[in-house]
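Shared chain: chain A. Partners: chain B in the first complex, chain C in the second.
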Partner chain A sequence: MLKIRNIQKHFSGIKAVDGCSFDVEKGKITALIGPNGSGKTTMFNLICGNIKSDGGEIIFSTPTGERNIVGMPIEKISNYGISRLFQQSRLFKNLTVLENLLVSEDNEDQKFWKNIFGLNKFDKSKIDKANKILGDFEIKDIAHLTAGELSFGQKRLVEIARNILNYHTVLVLDEPVAGVNPKIREKIAKIITQLKKDGETILLIEHDMQFTLGISDKVIVMDAGKIITTGTPEEIRNNPEVLRIYLGK
Partner chain B sequence: MISAYFIHLLILIGIYIILAISLQLAVGYGGLLNLGHISYFGIGAYVYTILLFHGVNFWICFLLAGFSAAFFGWMSAIGIRKLKGDYLALVTLGFSFVTYAVLINWTELTRGPLGIAGIPRPVLFGFGTNENMVYLVFVFVIAAISYFFINKIVSSPFGKVVEAVRDDEISAKSLGKSTFKIKCINLATSAFFAGIAGCLYASYITFIDPSSFTFSNVIPIILIIIIGGLASLPGTILATFFIILLPEPLRFIGFSSSIVGPARQIVYALILLIVLYYKPRGFYGKLDLE
Partner chain C sequence: MDIFVQLLINGLIAGAIYSLVACGFSLIYSTNKFIHFAHGGVIIVSSYIFYTLFSILHLEFYLSCILAILLAGLVGYLINQFIYKPFRKRKASNSILLIASFGVLIFLESMLLIIFGANVQTIDYIPNAQGLSVLGAIITPLQIVIIISSIILLIFFYFFMKKTRIGKAMRAVSDNPDVAEIVGISASKIYAWTFTIGSMVAGIAAILISLEQNIEPSMGSSLMIKGFTAAVIGGLGSVPGAIFGAFLLGFAENFGIWYLPSGYKDAIAFVLLFLFLLFRPNGILGLKYNNQK
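For the complex of A and B:
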């Protein structure tokens, strides 16, 4: 699905990502863990096109075949099927929750004349689709609120809903449960578990080890820009090197 | 006499409504603080006038005034591709100075500081518009069409993407939106209507010169959109009436004309301060000023 090959990124001589290679398999949850500053978010930024790599390849299975997406614009990578949840809330704060979801549903809204002549509308099917996911996430009552009015946990749920509605073949989730209360955390865990059952492909960063190891199929551990080990959650849990660098044991 | 004066004010209000709602599209909805908006107004006025004096049909001049301004709007969007906020404002401000310099120095085309006088009023469907009342109707019909069109844009899914780009460009890109294209269309559409307003202004005043299209002339329009409230078309219309009419009593106090001009600027400044203090979102604004 997604093959990272010898990807590199340096910032003024500091190796943020240093020759990392790994695969994200279809229908599996792959987790990227590591201490702060280990290069996880930089890796996500490289995959999603937010920053350009200094070397290496990112091969993505698009509907038209495998492509090296390194250097491609963010929007093109998104349209190929990578949908990203950011670490910080990036909702459109002056749009309502419903509008935030509707904007993510398709890209017909970019066609000026089609919209002006009423050939593209937020019709019932689109609104129903957005309302359904709000219902599934038990947040339908906040549909009319602007995103700026929401609590952090509500924002997180809306953002996940928005990422699911956005066209994708891979969901890239950057710390989905960081900073949320235990109730929302549990809700997000259920959502991700359901996504896994539905056969979604997910690449995940999360500091919460219990959460990550409980949900992932494969775990990649990074430290100082390098991948130090890869394995199943069970293997990672018992790996002394991981315990040393990540848990400080 | 009084009615002629009020008709004159209403015509100016009609022209300013088009100018202000078009700027609202760029600033309030698109988040593009375009201080060069007056340039598109000037480009529209000059293109209309020059073509009209070359014997081109009024409606063609009218549309080309809009399209030529739209072209420069699109080009501006290319120029500010990687800019936002203060930097974008500065570059667009620079564009207004460049436009002024071109208008004043390209004397073969624009007659420079002498301006172009004797611009005829159009004859529309057999009706002359030399009567100000007829011209008022014409201006308000165009203003209504402009409002309808801009309202259609901002209410459509396209309008929501424009707002999404304003709120968070990276996030919009991550949802697959071509934010550059959206900004180009936004600025071009905004400039189109400013060009149309320029055309109406030229044919109403019947004289244009570069001094009508300087940076100082954009200040009342920015004031209108702030007082009306960002991302609010009804607020913009209300504020246009307010801003155009409020300084008018100064004319009747008995000040000399050299004082009325600066006094109007003082009134504008006071209105801005009072509104920002007591009602920071303006009349019907949906956003905070940031």
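For the complex of A and C:
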């Protein structure tokens, strides 16, 4: 689904990501863990096109075949099927919750003439789909509010809903439960568990080890820009190198 | 009473024209986040395009109008593609883009001076008809057309932004271009469309202005100052705010000259601009808009 090959990124001589290679398999949850500053978010930024790599390849299975997406514009990568959740809230603050979901639902917004002649309206099925996900997430009552009026937890739920509605074959989730209250955390955990049952392909960063190791199929451990080990959650739990990085043993 | 009604109507006419200028300008500002002063240049170029098509080439009136509007959109599109887009690619700041827009404005006005000369030009399509009397005030049929056209256009604009998908995409880019790209909306394409649509509105303004008054190459700057003042009063980046500001400016100018000599009309606009920049820089509707961010 997603093959990272010898990817590199340096910032003024500091190796943020240093020759990393790994695969994200279809229908599996792959977690990227490591201490702060280990290069996890930089890796996500490289995959999603937010920053350009200094070397290496990111091969992504698009509907039209495998493509190296390094250097592609962000919106093109998104339209190929990589949907990203950011660590910090990134909603359209002046659009309503429903509008936030609708603009993400497909990639037809920019087709000017089609839109101007009303050939491409948000039909009932699309609005129903957005309303259904709001219902599933128990946030239908806030559909009419602008995103700027929401609490942090509500924003997080709307962002995850937007991520799921945005056309994707891979979900890239950067700390989905960070900073939310226990009730919302539980709700998000349930959503991700359901996504796993539905066979979604997910690449995840999360500092909550209990949560991450409990849900992932494969765990990649990074430190100082390098991958130090890869394995199943059980193997990672018992890996002395991982314990050394996290606990300083 | 007669004077009051006359000034009210005059304010309405001026407000309708300013709102057309401010509306396109504000739309472009809302997504691009820099002051596109060359919008005034696009208006005056469109006036001369209309003048050339109708008065020189003698094309049919409605055909000239349609062509002038389409060509205005093309001028705006080309300015974005060949001037602003390369600057954006190089991560130029908004100040650089602002300076570039002044450059484009001066370039367009100078080109018109070279081609058409400094003399004023007149489009005699609608003869100075006998004005209609409304509550003792006089209004010409053309002035009624200007007010109605601007109101229809502004209602259309409201629904375009609120109800169409591209309108929503424009609002999304206006809100946060980075997030728009994350969800697959090309901010670059939306910039191009806002320039095209904003300039087409400028084209409509240009036709109505050139039917109402004489045109000359230097008109672009003064029109832009009025449009900019209206946008600042209403709240930069808010299209409804710009429309509201335009009518307020139109009324202020016309009621101002009830007490002051008519030569002070432009001074009233500048005083309003300074007052808003000093005491309410977010404008009347802009405060709420910005607070939500």
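Convention: the second predicted complex is superposed on the first by the 246 of 249 C-alpha atoms of A that agree within 3 Å, B and C clash if a C-alpha of one lies under 4 Å from a C-alpha of the other, contacts with A are read in each partner's own complex, and residues count from 1 in each chain.
In the analysis below, a contact is a pair of C-beta atoms (placed from the backbone, for glycine too) under 8 Å apart; a residue touches a chain by one contact, two chains touch by 3 or more.
Given the structure is predicted, the values throughout are model-derived calculations rather than measurements.
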- request: Could you tell me whether chain B and chain C fit or clash when both sit on chain A in the superposition?
  value: clash
- request: Look at A:73 in the shared chain and tell me whether it touches chain B only, chain C only, both, or neither; answer first, second, both or neither.
  value: both
Query: Between chain B (first) and chain C (second), which does A:55 come into contact with in this model arrangement: first, second, both, or neither?
result: neither
Message: Just to be sure I read the superposition right, which of the two partners does A:93 touch: chain B = first, chain C = second, or both, or neither?
response: both
Query: So which bits of chain A does chain B touch that chain C touches too?
result: 48, 73-75, 78-79, 84, 86, 90-95, 99, 102-104, 107-112, 115-116, 118, 120-122, 162, 166-167
Query: Across the complex, what residues on chain C touch chain A?
result: 164-166, 168-169, 171-172, 174-176, 178-187, 189-190, 193, 289, 292-293
- line: The residues of chain A that touch chain B in their complex are 48, 50, 73-75, 78-79, 83-84, 86, 90-95, 99-100, 102-104, 107-112, 115-116, 118, 120-122, 162, 166-167
Of all residues in chain A, those that touch chain C in their complex: 48, 73-75, 78-79, 84, 86, 90-95, 99, 102-104, 107-112, 115-116, 118, 120-122, 146, 148-149, 162, 166-167
Field: chain B residues touching chain A - in the complex, by the definition given at the top
entry: 149, 152-153, 156-161, 163-164, 166-168, 170-179, 181-182, 185, 189, 231, 286-287
